[in-house]
Each structure stands twice: as structure tokens, then as C-alpha cells.
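We just call them A, B, C and D in the order they show up, numbering each chain from 1.
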Amino acid sequence: MTKKRTGVFVCHCGTNIAATVDVSRLAKEMANEETVAFSKDYVYMCSDPGQNSVIEAIKENNLDSVVVTCCSPNLHEKTFRDNATRAGISGFTCEIANIREQCAWVHKDRGEATAKAIKISRSAVRRVARNKSLEPIAVPVTRRVMVIGGGIAGIQSALDIANAGLEVILVEKLATIGGHMLQLSETFPTLDCSQCILSPKMVEVSRHPKIKLMTYSEVQEVTGAVGNFRVKVLQKPTYVDPEACKLCDECTVVCPVVVPNEHDLGLTSRRAIHIPFAQAIPASYTLDESACLGLNPIRCGKCKDVCEAGAINYDMLPKTVIEDVGAIVVATGFDLYPQEKILEYGAGNVEDVLDGLQFERLCSASGATKGHVLRPSDRKEPKDVVFIQCVGSRDPAQHCAYCSKICCMYTAKHARLYKHHVPDGRAYVFYIDIRSGGKGYEEFVQRAMEEDETIYLRGRVSKLYRKDGKVRVLGTDTLTGQNVEIDADMVVLALAMQPSKGTEEIAKVLKIGRDKDGFLAEAHPKLKPVESVTGGIYLCGAAQGPKDIPETVAQASAAAAKVIGLLSSDTLNHTPTVARVRRSHCTGCEMCVTACPYKAIRLENGKAVVNEVLCEGCGSCSATCLRAAIEVRNVTLLQVHEMIEACLNV
Amino acid sequence: MSEQQAYEPKIVAFLCKWCSSAGSDLAGVSRIQYPANATPITVPCSGSVSPMYILSAFNKGADGVLVSGCHIGDCHYMEGNFLARRKIHLVKELLQFIGVEENRFRMSWVSAAEGAKYAEVVKEFVEDLRPLGPQEKLKAQRT
Amino acid sequence: MINIQDIRDTARDMLAKGEVRAVIGWRAGSRGMPAEPAVITAPEQADELVWDPTCYHNLALHLVEDRKFLAHARKTSGAPIAIVAKGCDARAVVVLMQENYFKREDVYIIGVSCEGSGVLAEWKLARHLNGAVPTAAAFAGDEFTFATAAGEKRVPARDVMADRCLECRSPFPKEHNVALGEDKTGRDLAAPFAALARFETRSEGERWEFWQRQFERCIRCFACRSVCPMCYCEECVVDSINIAVAPDTTAEEKANRIRWIERSATRSENITYHMTRAMHLAGRCVDCGECERVCPVNIPLRLLNNKMEREARERFGYEPGASIGGPSLVASFRDDDPGDFIR
Amino acid sequence: MSMEKILDKERLSDWIAALAKSGMEVNAPALEDGVWTYKPVDGAVRMDHPNTKQPPKGFAFPQREVFFSFEQIKGEAPRLKQVLPESPQRVVFGVRPCDGRGAVRMDRVFGNQVDDPYYQARRKNVAYVGLACNTAPAPTCFCKSVGGSPVSTDGLDVLLTDLGDKYFAQAVTKTGEALMAAADKLFAKASPADKKSVGKVHADALAQPQRAVKDAEAAPAKLKAAFNSPLWEELARACIGCGICTFLCPTCHCFDINDEVTGSTPMKGSRVRTWDNCQFPDFTMHSSGHNPRENTAARLRQRVCHKFQYFHENFGMLQCTGCGRCVSECPVGIDIVAVVNKVAEHVG
């Protein structure tokens, strides 16, 4: 190996480093290193003159490698690697010695801090002396995108991406897209009809030449990495051919099986063969296998008999579809916290105690009661309605620790909708605080109180139970300090939001993390709000955390923008610091193959072979290999060995 | 100055890039003070820490060795720290088996958000190492 | 009770039919006992084969040497090779297959059961025979018989058996093509890991005092490594010069070989060597005990390997040599692996 | 006529004490973890050892020794400091005649054409007090057939012979005489009876049957003739390539030289000599990757030929002293006696 010519650049970071570390001594010490040809210190290396001096020094002293001893690599590694490249050497021959966060800022004693800074810098010098000049690996990308979840988040994301000219596959678990938003009657703070603003987007999706819609489908397996994922999707059979179906509705008339309608949250019922709702996209019927009397052998067959279009096919089979995509957007949304878990409020067994979504369906023109607010038990118009907020939210002891964020607003909305339907009724709201941050939100709540005379009671409801045809609600008004007792005709619980059923599974399949509450985890809480920890997989909507429609749409578009940016060129740069096999040492024992989290290693005639595109350079293989036959470029065993020596002044 | 005062434990700390190294950065950003005895070596993942690193560090005179990674489930590479947990457990058992003091070797999970914890881990480690004195058992005598 | 003729007939027959190209077994040593490993290639050599309490050697090692020989000679194996295998030998073969070192169909395993006993520990025998020099040994149920100048001596096997055999959990070669002798699995002559358990009652200081003495005695003859079927690496990480020099070995690699340890047989280097070996054997060592037997300076190496073996078994539910299919110990994990030691 | 005296067994420790008192480091066989090893004497001395696991070779030729230390500051010339051993005056008790003859051979290697200062510095300070073998030889002993004897005095300074309750002490060298003189009053004059019984003991010892290398004198020629014989392959079939045979050999003397770096800025460390081993594959490894002795057959042949041919050609004596360690300790029972005999037979 020809002797290295390393340049060391010691940054004072003003006094941030210089105050505790003797920077000029550090620079001198580094000059004594065998491989160091140039060494200097400067007040702000990251400043323009600082950076230029690095570039100059590299050129003038024909340095082949650089160590900058400064702040954390997370901050300026890129800066200085770019400088190296600008000076004509590989960016991967530049290493950062972190002597600020890991040294100057955490120690007071100048002597100790300097000694430690020397060790840190020396080990970087040793390491860089063996760094290879590497070039990023250009990986051709698949310029197609999969969006998982057909709610408003998925729809928005899909449309934005498709409109940018990229092919999109939109996968929805249910028979129709639309998600929870389609169940809402009106939306705060404008009280405009939810369906009316959503269904045009749904239609656009169904008509969009760039969007392939896969409903009644679930993602089963994802392999590959950013730029080139391979996704296995299972398409469940609907037993109805959407092309042929004329939507004549004859089949539902003859279908003998009646089951609760999930779209109306059980407030109405449907048949085994059904269309979720009039505006369903795709506009077609679905035969609910689980409800049907039997397809194999066929027990009933009435629907097929009456279908003149011959759209019904009992022999339809589940289909596995393989899709290659370059990026994935996850928008799997939320579910309400199950009422069954709220024991203090009857665990869902008290009649006329509804959850928020059920109430939406009551108010909705297309809902159970055609838009008349009637209580389920006796279809009478309720005169006293109690709304309870924070049910399951903000309750670390028993339920969810977090605030579900939208309940304050939709409860206010519910109260107002109710008053608009039943002007002579009384609406009570039990709340802990009112959180109405957002354009026009506070005003909206005020109107609920003033115009619609909703009675807001600050306090919790201790319990509720059925008493003489009514629901007795026992609570306290903490402002007056009095106990409150209301005989309500109907109670609406603002249940917490939680990640939708199956979020855990999808997170596993996609190999992306979840936070402590089970929502999908973003890569950085502030700076990477729509990225997952896995490159090429993005998040939006309530799957990432409780949020309302405007926020969801904004996030969906943000995720779309990220995807469009990612796929704006035909190739992606993959880091070249990947595993490398020393064939002479490899015995093909397959331990690295087993250990690799990315399935990036395979055996080829008895020797390990690394797929450099799949490899993320984690080094699990090299720590597992008994024979030092595989190591990660620029973090080789030899390099670490010498860093250890440097740390111990050997 | 007596031997005890003169002795400052030398610790080699293998920190995973994504959590523990970032965690130690946070300690810095938050200006949390801790002893300067631990020299960090940032590695991609705790799963990339070969037992050879640990043995070698002791052989070259480390008084203590620390391996720190992401909490289980948080590994940037998904599984690296699971592999580390198993491997390191064996190293630890082996060291204790031949009579190396338990407190010479330590592993911790420190997330990017746990700057304070990193500082605490180092502080504790140094305190636990002081009474043990210099590590001579595995250290090479090269004269 | 195995009849040696059965082993010889099997070997002769297979060689004659050309079903195998060689049979790895034992034959009488040049001094009568102990037996020595033998690789026979002709039917008429079959009668050289022996089976007695001095068949210590883990013959899987010679399977490895055969593969290396073929590899270096760039030959393809052709017909399979047969190996006479005790329980431990067979377990070693399984681990080697688990690591793709050779294919199942390339090896014909003639399993021999250790039945009521196992192999001999010569140092125990020496104490027993005080002075008398044995010239031959034979199995006799739960006893061994020895020919000495003073006539035949019968000794209860238990008294002179190798510790590894007393503690053996599977004296019967589960993986085999043919198996000779009775399956006496679970005969439980002594509790497994008994010696280990005894040792672990010692204090930290006592443990160190003990191992320090052992490791200072080590002369780094590497017999433990040479005799181990698992140490089949082309090049050992502790060796300070490249052996596996291949076309793709760069000058830099040759020049910059990592010196994890120095050549000096000093305590620190010896410890690092033995620790490295123990780590590399974790989940792979089948406790054939050969390393301990051959050590010229009596370092109780089984203790180290047993320690790793028991950790694997108790903490990770891992049994080396149990299945050809399964993943290796350190290349795999379970979500509930113990992590209580982590801060 | 060399000095011949009688030492009562219970006086042995007094003699040792006297020598220690005169500033000598006294070593004798001790049993540690079932291994007979030479250890500095503290307390009682046992001399009932068969033979030590390792020969006393290490007293003059330790497994590791430092030649010089070096330091190089960047850009400057390296500074070297030779480290000649300052070994104390040592006396080693209980050396068996085969190992005494081993010392003779080591002296030839390190003090014949070239004087090895490191070896010499230690050797000149070591004295060997031998112990004649008067019990039945180990099944692996074959000293007689290679020109030795269980009562040989070669390489020893004093030879003790066990006469039951006393030792017959015979000074072989001036050093030996000095050792005995150092505690003159402990020794009694040897009576004619004593000399007679020594004669008998020695005769009986010589009469003990041993395995034998047949016609060892002819071995060099036969081995030379058998150099390319395929027999080596067969003989080495079981060899696992460990280093036991040579590391335990009283006459193996091959070594390697390495730099042990202890610091990099400035670069410093020491150059050390360690035993090397012709049975290791890396012994003859070229940096090109070519290995002239690429298999165990070639390596076994090297060891055997070195003992029975090359050394003879260089020094006019067989290198093997028949101690039998390589035979008794070989993990796979490779037996140098059998090997030499088979080769000779094969050549005919």
C-alpha cells in the first residue's frame, strides 16, 4: 500500500470546542501520525472560508484522504464529503471525528478533554488511512408506486403521485375505497358534506389512467429495497364481475342472509351479497363469503339465478398479484378505541350509548335513519343527548396516554348537528379541556356554545347506566364543584383513535417501526415526518398518529411529494459501504446468509455473494462470520482493530 | 499522589451509529457532563460488534469495554441488536467464567433520545471500574 | 455389544461394491494401543479395522481433511466416503453438514453406539493399573479388559472412562446410514455438565487463579485446534500470517493481516486465543472432548466449551449437532432471548 | 577421574538450599495439574518423575525472547536498543539423560558455526543435575537405539543415581564439581561398595528392554533414498498438523522472528524470537501463496529427516535422543520409531 497522505482539519467551532479542547495541540499531535501529511486548525471549518481551505489543502498537498475533527457526523459529514469530492477525491475517504458532542460539550477538564479528543481523532486518522475511494452505486429504479390504504390519505397521495405522471397501485383491504371519511356526515369547521367532497376524488381515482385500483386486497409480502420493491398482494374474490354487474340490485332482494352493515356500524343491516353503499368505488357488488350460506358446495345460489347479467361467479378464486414498485406509501388509517374496553360506560352493552362514528351515520342523509336523529332503541327523537369527550384518551392508567386530537372538534360538531336536527333538544358535553387549535376551530366551538346553546360541563362522567328507558349519566362539573346527574335519551362517546386493525402486521411485512402507542413511526419527529425508518417507504394519515382531515390531506400530499422527488430520476444512489466477501476465506457455511436482515447474501457455488443493492452495510454478517471472510467496506475488521489501538494509545 | 488517584479507567465504547452514538450526541447537545474515560468507536450497528473487538480491546489494555445499541425493536437494521444480544451474552458469560470481573464488561441500550442515559451509563461504569483498578488479566505484557 | 466383524464386513462390502471410495475408521496403533485413525481404500484392508475403548479420535476430522485434500487437489469427490462414527463423531458430522461443509449424500455414516461405556481416559487407567503397561484394550459390557504383561485385567468402565463419555447425552449416532450396537441414549452415567457445575461453585477469584495457571501453561502447539473438526477454516483468525492466499488476495491483505494476537505464548495471547476459540465453537462444539484429551499440558478445555454449550442450551434452547437443517446459534435469535444483563 | 560422592536423600534439600543461598535459581520437576514441569524450587523436591512433559530446553532457549526494542519518531531514523538476557545463575535438577543429550545438540546448533548471543547468554548460566533412569523405561522410550543410554552423562554437569536411600553423585563437568563443592560437607565419599552398586544399577538399567529404531546408523542413508517415497503420504495420513511433537522435543530449535508493536505514535515495540514449528502449514508459506511443504506428508518427512538425516549430515550425530515425547503425546499415535523403521524397511 503506497503511503497515505491524510489531511487533518481541526475545527474550533468558535469556542464550542476550543474552550475545552486544546485545538492547536490536537492539530500538532495529528501531524505526528504516520499517515498525516497536513494538519491545521481553524475557527469554523464549516464556514465558507473554512470549507474552501479544506478544498485548497487537498489540492495543494495532493491529499488522498481527510479527517475533519469537529461536530457530529450527522451534521457536517455530508458537507465535508462534498468538499472532498469537489477537491477531486472520493467523498468516502473523508471521515469525521466527533470531538464536540462526544467530547468538548460533555467534559470540563481541558487536559482530559484534549487527551480524549486526541484518541478520537487518532482513531479516525487510522480508519481513514484504510478507507477505499468508493463511488455511490447507481441503482435503476422502478418508477411505480404502491399506496396502501384507500381512505382520504391514500386517495390524496395516489392522485398527487399519479398526476405527476407516475403509475400508482392503490391497495384497499375493503371492497370499496373511501375509508372512514365516507362515513362522516358533515365535517368541521365548515360543516360541508363529507361525501360530497370525497366522492369526486374517489371517482377521479377510478377513472385515472395512471392508477390501478386493487380493492378487497391485502399486502402479504414485501421484498427488495428503496427503488425496487417487490410486493405480493392477495386479491380476495368478490364472486361478482364488476364489468358485467349492472347494479340492478336483484341479487340483494333474493339473498336470504341478513347481517349487520359495517358501513353503518351495525345501525342497519345488509345481505350476504351487497354493495357497501351507493357511491362505492368500484361500483360493484360483493358476495361476503363469511356470511353466505355456502359456496362450496353451493347451498343457495339464488343470487346467481336472478343475475341476468351473469356477473356472479361462485368459482372465483383468490389471486396473488406481484407488483414491482420503487416506493410505498402507507396510509392504513385508524379505528376507534373499542367501546367494549370502556367498562365504566357499560362496555358497549348499554342501549343508546353510541360512538362518534355511529352518530355520524345517524346524522348522515345516507345513513340508518335517512338523516333524522332517532335513537336506536325506540327510534324516538332524543331530547337530551350527552356527549362525552376523551373516552379512552389521555388515560395512561387504563387506556391510551395520548390525546386523540380531533374529539374536541367533532364533539362540538356533533352537538351542533344534533341541535340543527332537533332544535328543541338539549346537548350536554363533558370535557376535560377544549383543544381547538386550527383555522376557524376555536370560533367553531364558540358557535356550538353560543349559537347552538350546547351545555359544556368541565368534568368527567363517573358512570352511566340504563334507568327507566333512559341512560342515567353521573358526572361532576368541576367548575361549580357540583355533581351532575342527567337522564339522557342518548349518549355519544368520543372514543380515542387507535391504529387500524392490522397495522402491526403491515408494519412487520414492511419492516418499519411503530411507536409506543402502535402508530407507525416516522424517521424523525420533526425533520422527517412522512418518512419511515426504511428508505422508500412513506407514511401519511391517521396510521402515523391521530389527525383530522386537513392535516391528513396535507401529510398525504407531503408523502406524495417525497415519492415524486425520490423517483424523479431513473437511478438512485446506494451507499457503496456494503459488505464484501473474501472468497478465499469463505467456506459457504451460510451463517452470514442467515444473519443478514436484508436477505442480501446468497450462496453461489459454495461461496457467499452479496447483492450490493440490497445490502445496507449493517455488518451483522462480519460479526457473525467465524473466518473474517466478509466485512463492510470502510469499516473493516482491520480498521476497527486499529481504531481500538488508537483509543488505547497502542 | 496515590495509585488509586492516579488510576483512570480506560474504556472503549462501541456505539451503534443510529441510536447510541446519536444518544451520546444528544448528551452533548444537552451539555450533560460525564467522565472522559470512555472513548467512543462508532460502528454501524451493535450487531456488527465482533467478539474479537471486545477481546482485542482487553488484550490491548482496556480497563472496561462497553457495547451500546438501539433498544430491541428499534434497530435501524431491524435485527442487528437481536443478534448482538445473543452474541454479547456469550462473550459476557465467558469473561466471567474465566474470572474476569463482571464489571469490566457492559452492554446497554441507548436510544437517540436518551442522552441522559448514555451519560449515566458511562458514569456508572467508571464508578464501578475504579475499585477494580487497572485490568491486568487480559492485558498483553509486551516486554 | 458390537462385533468388530460387522464393521469390517460393512467396510469390505462397500469398498468391494465401489459404493464408497474409502472408509475412515480406526486400526491398531504401532504400539498396540491406543488405536489410530485409518483411511482404508481397499476391501482387503477392512480386516485392519478395530473397535475398542481407545478409539478416542473424532473421525469427522479426517472427513474434513479428506474434503480439504480434494479441494486443494481440485478433484471432485465422486463416490461418497464412509466414516465409522461414535455418537459424538456423528454429531460433528451433522454440524459440518449444517454448515454445508459437505452434502449428506457424500458421506456414508457407519454409526457405532457407545452403548454402556465410552472411550478410555489413559491417565485414569494409569492410576488404576499402577505400573502395569496395557498393550491392548477391549469392550466387555460395562467393563473394559486390558492385556498387560501380568495377564488380562478387567476394570469397570466407569472408573477409567473419559469424563466426556460419562457426561455424554447421546452416545448413539442418531444420524447414520447403518448403525451398529444398541441405542443406549439416556443411560445417564453421570449428570451432564457435572464438572462445569462443580467448577462454577468457585468464586471469581478462584476461577481466575485457576484459569491463569492453565493459560500460562499453554504452549500454543494448537493441538486443540488441529484436532477439532470444527476448526476447518482455511485460515485461523489468530494466525498472524495469511495462509489462504488466493488469486483475489491483495498485496495489502497480505501485508496488513490483523494481528489479533501475537505469536508469543504469553498469558494474554493464550487467553485471547482460547476465548476466541470458545466463542467460535459456541453452538458448534459437540463435546467430543478431543481438544482436552490431546492437550499436552492438561488444560481442561472442555470446561470452556461446556460453558458455551450449556448457555446455548439453557438460554437459547439450542442443541449443537441436533439437526442438519436448523440455523446456526450466533447467526440466529429468538425474540425472547435473555437481555436482563443489558442496561 | 571425575568427582564421585554420596548424598543421603534427606540431604538433597540441604544441597539445594545451599545452592539457592549462593544466589542460584534452583529448578526441579514439580507436578502441576498432572503435568510434570520444571519449577523454581520452593520447599520439598520430588525426584520421582518419569520425565517432565517439556524438556529443560527452555532454560537456554525460551519460547519467547526479546532481541531488541525499537522506536521511530515520524521522519527520523529508528532507534534500536539490544536486550541481552541477564539470566540468573540457574541449576536444573532431575534432568533425564535423554534431555542432557538434547542440550548437547542444542549447543551445537546455537554455538557451533555461529554463536547465538541470546542462547549463549542464558546457556552459560545454566547447569544440569541429571538423574539416571533406573526404573523400567516408559513404553515410548528408545534412547539406547539412538546412541544414548538411561545413564548417559552427555550434556549433564552432575549425574545422580538413585541408590534407594541415597544418591550416587557424579560430577561430569567443572561446573558440576563446583555445584557439589558448594556444599561439600553434605557429601560423603563414595565407598567401593557404592561404586559397585552404582555399576549394578547402571547395568540393570541398560539391560532393560526398549523399543528400538533398527540400525539407526543406517537411517540417514535410507531416509535420503526414501525422500520421494509415496510411503510418506501413508505414514502421515492421520497427522493433524499440530505442534506437539516439535514443541515438546528436546532438540527442536526452529524459531520465528516478529515485531511486537506497543505504540504507533511514535512507532515503538520490540523484536522477539518465538519458537516456530515445522508441522504448521505456515512454517514454509511463501508470501506468493506457494508452499513448498504443502501437506502433512512433506512436513512429517521434514521432521523425521531432520532428526535422522540432515542433522547427522550437518553435525555428525542423530538429532533424536529417544526421549519418546513425540510418540507418547501424539494425538493420533504417529510413532517416529515405527516411521523410521517402516521407511528403512521400505527402502530395504
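What to note about this one:
Basically, a residue touches a chain if its C-beta (ideal position, glycine included) is under 8 Å from a C-beta of that chain, and two chains touch if they have at least 3 such contacts.
It should be emphasised that the depicted structure is a prediction, and the values quoted were computed from it without experimental measurement.
More contacting C-beta pairs link the chains of A-B than the other of the two pairs A-B and B-D.
Among the chains in view, B has its Cα centre nearest the centre of the complete protein Cα set. Centre-to-centre spacing of chain A and chain B amounts to 33 Å, using the average Cα coordinate of each chain. Computed centre separation for the pair chain B/chain D is 46 angstrom, with centres defined by C-alpha atoms.
Chain A and chain C have CA centres that are 53 Å apart. Centroids built from CA atoms put chain C at 35 Å from chain B.
Touching two or more other chains at once are residues 51-52, 56, 79, 83, 87, 142 of chain B. Residue numbers of chain D whose C-beta contacts span two or more other chains: 260, 262.
The set of chain C residues touching two or more other chains comprises 237, 245-246, 249, 260, 262, 266, 330-332.
Under the stated contact rule, the graph of chain-to-chain touches is complete, every pair of chains being in contact. Note for the complex: chain B touches chain D at residues 142-143. Remark: chain A residues 29, 32-34, 122, 126, 645-646, 649-650 touch chain D in the complex. Interface residues of chain D facing chain C in the complex, by the touch rule stated above, are 32-35, 37, 53-54, 63-64, 136, 139-140, 211, 237-238, 240-244, 247-248, 256, 258, 260, 272, 274-275, 277, 280-282, 285, 287-289, 294-295, 327, 329, 331-335, 337-338. Interface residues of chain C, counted against chain B in their complex, comprise 200, 204-212, 237, 260-262, 266-269, 271-272, 275-276, 278-279, 282, 304, 307-308, 311-312, 315-316, 329-333, 335, 337-339, 341-343.
Chain contact summary for the complex, chain A toward chain B: residues 72-74, 98, 100-109, 112-113, 115-116, 119-120, 123, 511, 513, 533, 595, 597-598, 616-620, 622-624, 632, 635, 637, 640-641, 643-645, 647-648, 650.
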